[in-house]
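As written, the chains take the letters A, B, C and D, and residue 1 is the first residue of each chain.
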Amino acid sequence: MLQQLKTTYTQDISLFANRNAVISYAVLILALLLVPAVLGEFYVGELGGVFIFAIAGVGLMLLTGYTGLVNLGQAAFLGIGAYTNAVLMTKGVPFIFTLPLAGLVSALFGVLLAIPTMRMTGFYLAIATLAFGSIIGTVFQKWTSVTGGFDGFAVPTPSIFGFPIEGTNGVYYLSLLVLIFVIWLAINILRSPVGRAMVAIRDSEISAQSMGINLSLYKTISFATSSGITGLAGALFAHYVRFLAPDSFDILLSIQFVTIIFVGGLGSLHGAIFGAMFVRLLPQFIAIVRDDLPFGIGRMPGLEPSLFGLVLVLVILFEPLGMHGRWLKIKAWLKDFPLHRRSGIRRQKTYARSERLR
Amino acid sequence: MEDAARLLQLVINGAAGGCIYGVIALGFVLIYKASEMINFAQGDLMMLGGFVAFSLIAGMGLNYWVGAALAIAIMAVFGFLLDSVVLRRVIGQPQFAVIMLTLGLGFIFRAAAGISFGYGSVTFVTPFTNKVENFGDIAIGQDSLSIVFGTVVLCAVLYAFFSKTRIGIAMQAASQNQLAAYCMGIPVRTIFSLIWGISAAASAVAGILLAPSTVLDVNMGFLGFKAFAAAVLGGFGSIPGALVGGVVIGIVEQLAGYYLPAGFQDVTWNSMLLLVLIVRPQGLFAETQRKKV
Amino acid sequence: MSLFAARDIAIQFGGIKAVDAVTFDVKQGEVFSIIGPNGAGKTTIFNLISRIYNLTSGELIFNGKNVTKVPPHEIAALGIARTFQNIELFSQATLLQNLLIGRHCHVKTNLLSQFAFLPPARDAELAHREKVEDVISFLDLQRYRNTLIANLPYGVRKVVELGRALCIEPKLLLLDEPSSGLNVEETEAMAFWIDDIKKDLGITVIMVEHDMKLVSAVSDRVMALNYGRVIALGSPGEVQTHPEVVRAYIGGEA
Amino acid sequence: MSVDPILRVSNIETYYGQIQAIRSVSLEVPRGRIVAVLGANGAGKSTILRTVSGLMDPERGSVSFDGKDIVHMAPDLVMRRGMCHVPEGREIFPFLTVSDNLAMGAYTRRDIDGIARDMDVCFSYFPVLRERASQRAGLLSGGEQQMLAISRALMGRPKLLLLDEPSLGLSPILVTQIFNIIRRINQEQGVSILLVEQNAHIALKTADYGYILEVGRIVLQDECRVLLEREDIREFYLGQKDTGVRGARRWKRKKLWRS
């Protein structure tokens, strides 16, 4: 691969790096459009789930990966989006309005969370968002007049201009569409001043401020965008599961979202997609192979969460840059093949210093 | 009079429950003080400690005290090894990586406990179970008394260890600047493993103390999240603070459960946590300092 | 006419007066240096001007406007840029992105247009890029354009930080120890750049510096501080030979 | 080449990720002497010290200290053998008091009386530290933190002291003071010193022997008094060109083509 020579500034800010990228993404989208025609309903459903988690992952990536703000309560926004969408639809509001409204209401709650957490950093923010998430989760359980409590309620079938979006395929195409939209939005944000301001806040608040970046404003924007996008994912999630119950939106789901961006690779949009694939497909993979495992391991209860935890631990220990980082290394290796020097990637010892000095 | 007695009873029950939060919080605080890492699996360590003690005492028929001491020792070794085998590798990485790592470890611990001890709840009979001391109108279970007593002693010992001994100060030094600590000849790695050992032992104590007043089950580790509130309330980094924070949370929770409509008890810890952080984003009494630019 | 003035500015940290009734004027187009022993309050004055700290008393006048109470993120838009003693760059971003962040106070496009990357946003980006390229050529940074800051050597980062401040197109530039950690050659290059900034770009500079050679080479006037108070103010020659400055700062030998 | 140097570094090569920071560097510190390594930024001076003290691992090469091979040894063990590294940038313990910081310097020692005596010696070198003994170290000014870092290293009674840029960011008078004390430490306590400095002027005056490092390679080595006389050293490292800073207009590369 040769270094590409750029001849205009526009090339640096265009949506795709070069013509090859345009072609490969077009092929990818085409392939995804054909999936329901080729694969069975089970696989289409699973892939739809991946899309929905990828949308939420992109949302969280903007907040955590690019702005450096941890959120351990992201499931709450998925829930807010899901309930907003489903409850409004039962009241007769058409889906084309409830979908954006779900995003909007979630974004408003994002602002609501951003304001009090503005001055928190590091793990204090992590714990505070965790607390926020669990409060919202309790509200879903106890506010029975709206959410139906533990009994839950069935989500109506959406339709756009009279065309019902039915079945697994409907949700699949809808999610794919929203995912493409959200990725386009995220790329725009990242190539605009607002995205740069986020990165600036992540790397040095004090110097971001002296560059004229209003910290509170941009942290709020970041929270709002992130939760708004997750709210969209929530609206789709409601149709994906077809039946809303409050215990879907607990701490464990929040942890799954954080796992998406962490395993995928912090600070890359590709990472959010890879991570979503990992989180959604690993349990299915286990389910498929469990009967073939020796010594009855497959029938052991708790196999799935323990493998989930194990993979998470292994990724953090051996690939801190996540799957995206590993992908870049593989690309580098292929590029240099067969001249690659192993010693080049040796990790030097690092030494932590108090994070209390801020 | 009856109201006052009820109130007092609630406060005492709350304080005893809060002591447990305090001891788990102590585990967080110790690890934080020595390495600025946050262990999200602290509650799961407590669960493991409880189960280990249970299987030694109820399963193998050991004497309660011997079994408890053995369980604490086993958990201390487990904590030490956990650090020296797993966590050592992330020393120097951002705090967030450690949070994720310990979250992952929590999954593994829960599954491991489920596989070895089963997913059902077990009742752990101890010398303190179902014995009540009466003080006038107030009845206090011996289990509660043992919790309060055990917690206060543990807390005092650890406080003295941390602020008075050379190795305690070296632990603080290592958390503040690993590079400099190495240069001073402080065996940073051993010290970190040691603190994980102590912290796991403290969680085991929590598990054993908690056992008589509740049932043991694999998911009891989620109590750890309440302990976060305790640690934050007490100002992450202060040993007595963790205990005080735990007791306050425990009492408020009891009162909220009695005087407020249903549902509010569930959000006590998280509301208090949020409130404290909103007022003091760096935590109560926390030692922080602005970075020099 | 003075571009910037500090009137009786003071700040206390826990009872200690870090800066105590300091008054000075900076004229349009001059290089004004602040020297003094460590802990004399030099950087604190910068932090006061960039509003990271709040004044205990006194006032700051910039361009005829009282800026004592302006929030810190609005200082850049007024035309005051700064660098930091220990380099505060955005280390996980490329050099180009760092400089573009310097253009932040000139961003006029609204959020919606950025989110959809509408033509106005695109055009604004290209215009910012032009400005940034000017700074890149000015400071000879072409070959590092797409390098992550974390992978750049210290000396280059120092220049990048200067460049990021220039992208603000400031009227007043605050340089905090521009030569610290630089060798003789790099310090000389820095001296030239400061000179160019003053002469070619017409930017007024306030500089905190220890290297007396650099100070006397580029400054028009020098102010010496000790224990938060002014002990001397005048031409570089006058201040360097001032007995109290020699005693507290330069030492007998030099 | 001395007969029995306290430190002998042979052909070490160290990488930061994929970047080679130092290339086959060899140097020696004779017992009881001060050796200075000079060089530009990014030349790898700090990397040499970090490799020697075990804070970084070299890819190849050997380091022998007091007759023992210490390469790949953990930094705390290296320190226990009597080598103390004062890293660049005042790495102190910000939330401990000044006296606790000093006590941590003596972590490896058990002789309480000796520790107290050495603390007094440090206070006599830097009286300001005595005044601030019960303050948190994070509240000290930059110069005071540097003094504390050097004193803390002395508390470990090292045989060899590694000093990384002790003059960084200090006022001229403090630089002179600190280097006077470095001399005193060397003369009064017989501590051997390996010094890395940007400020070539004062380093060459203080040290006995100097190495010049350029882009990770040693290009010149000699007695300091010899180095001080050399024309190229005077020009590039001491800035004593006859023309002066403003003399000749610098030749500035201007890129002519830009899209």
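We adopt the following convention: a residue touches a chain if its C-beta (ideal position, glycine included) is under 8 Å from a C-beta of that chain, and two chains touch if they have at least 3 such contacts.
In this text the structure is predicted, and so the values were computed from the model without any measurement.
S.K.: Can you check which chain pair, A-C or A-B, has more C-beta pairs in contact?
M.R.: Contact tally favours A-B.
S.K.: Of the chains shown, whose Cα mean is nearest the mean of all protein Cα atoms?
M.R.: Centre-most chain by C-alpha means: A.
S.K.: What whole-Å value do you get for the distance between chain B and chain C if each is reduced to the mean of its CA atoms?
M.R.: That gives a centre separation of 48 Å.
S.K.: Distance between chain A and chain C based on Cα centroids, please, to the nearest Å.
M.R.: That gives a centre separation of 40 Å.
S.K.: From the C-alpha centre of chain A to that of chain B, how far is it in Å?
M.R.: Their C-alpha centroids are separated by 32 Å.
S.K.: Which residues belonging to chain A are in contact with no fewer than two other chains?
M.R.: Where chain A meets two or more other chains at a single residue, that happens at 9, 206-207, 349, 351, 353-354, 356-357.
S.K.: Please output the residue numbers of chain D that touch at least 2 other chains, ranges allowed.
M.R.: 55, 91, 94-95, 138
S.K.: Mark out which residues of chain C touch at least two other chains, giving numbers and ranges.
M.R.: Counting only residues that touch two or more other chains, chain C contributes 52, 84-86, 88, 133.
S.K.: State the interface residues of chain C toward chain D in the complex, per the touch definition above.
M.R.: Checking each residue of chain C against chain D gives 35-39, 85-86, 133, 137, 140, 142, 151, 153-156, 177, 180-189, 191-192, 195, 210, 212-214, 217, 248-251, 253-254.
S.K.: Can you name the residues of chain A that touch chain B in the complex?
M.R.: Residues 70, 116-124, 126-128, 130-132, 134-135, 138, 141-142, 206-207, 251, 255, 258-259, 262, 300-303, 305-306, 308-313, 316-317, 320, 349-358 of chain A touch chain B in their complex.
S.K.: Flag every residue of chain B that touches chain A in the complex, lowest number first.
M.R.: 35-36, 38, 86, 89-93, 95-97, 99-101, 103-108, 110-112, 114-115, 119, 175-179, 182, 222, 225, 228-229, 232, 236, 262-263, 266-267, 269-271, 273-274, 277-278, 281-283, 286-291, 293
S.K.: Any idea which chain D residues touch chain B in the complex?
M.R.: 53-55, 74-76, 79-80, 84-87, 91-96, 100-101, 103-105, 107-108, 136, 138-139, 149, 152-153, 156
S.K.: Can you name the residues of chain D that touch chain C in the complex?
M.R.: Interface residues on the chain D side: 19, 39-42, 89, 141-144, 165, 168-174, 176-177, 198, 200, 236-239, 245-246, 250, 252-255, 258.
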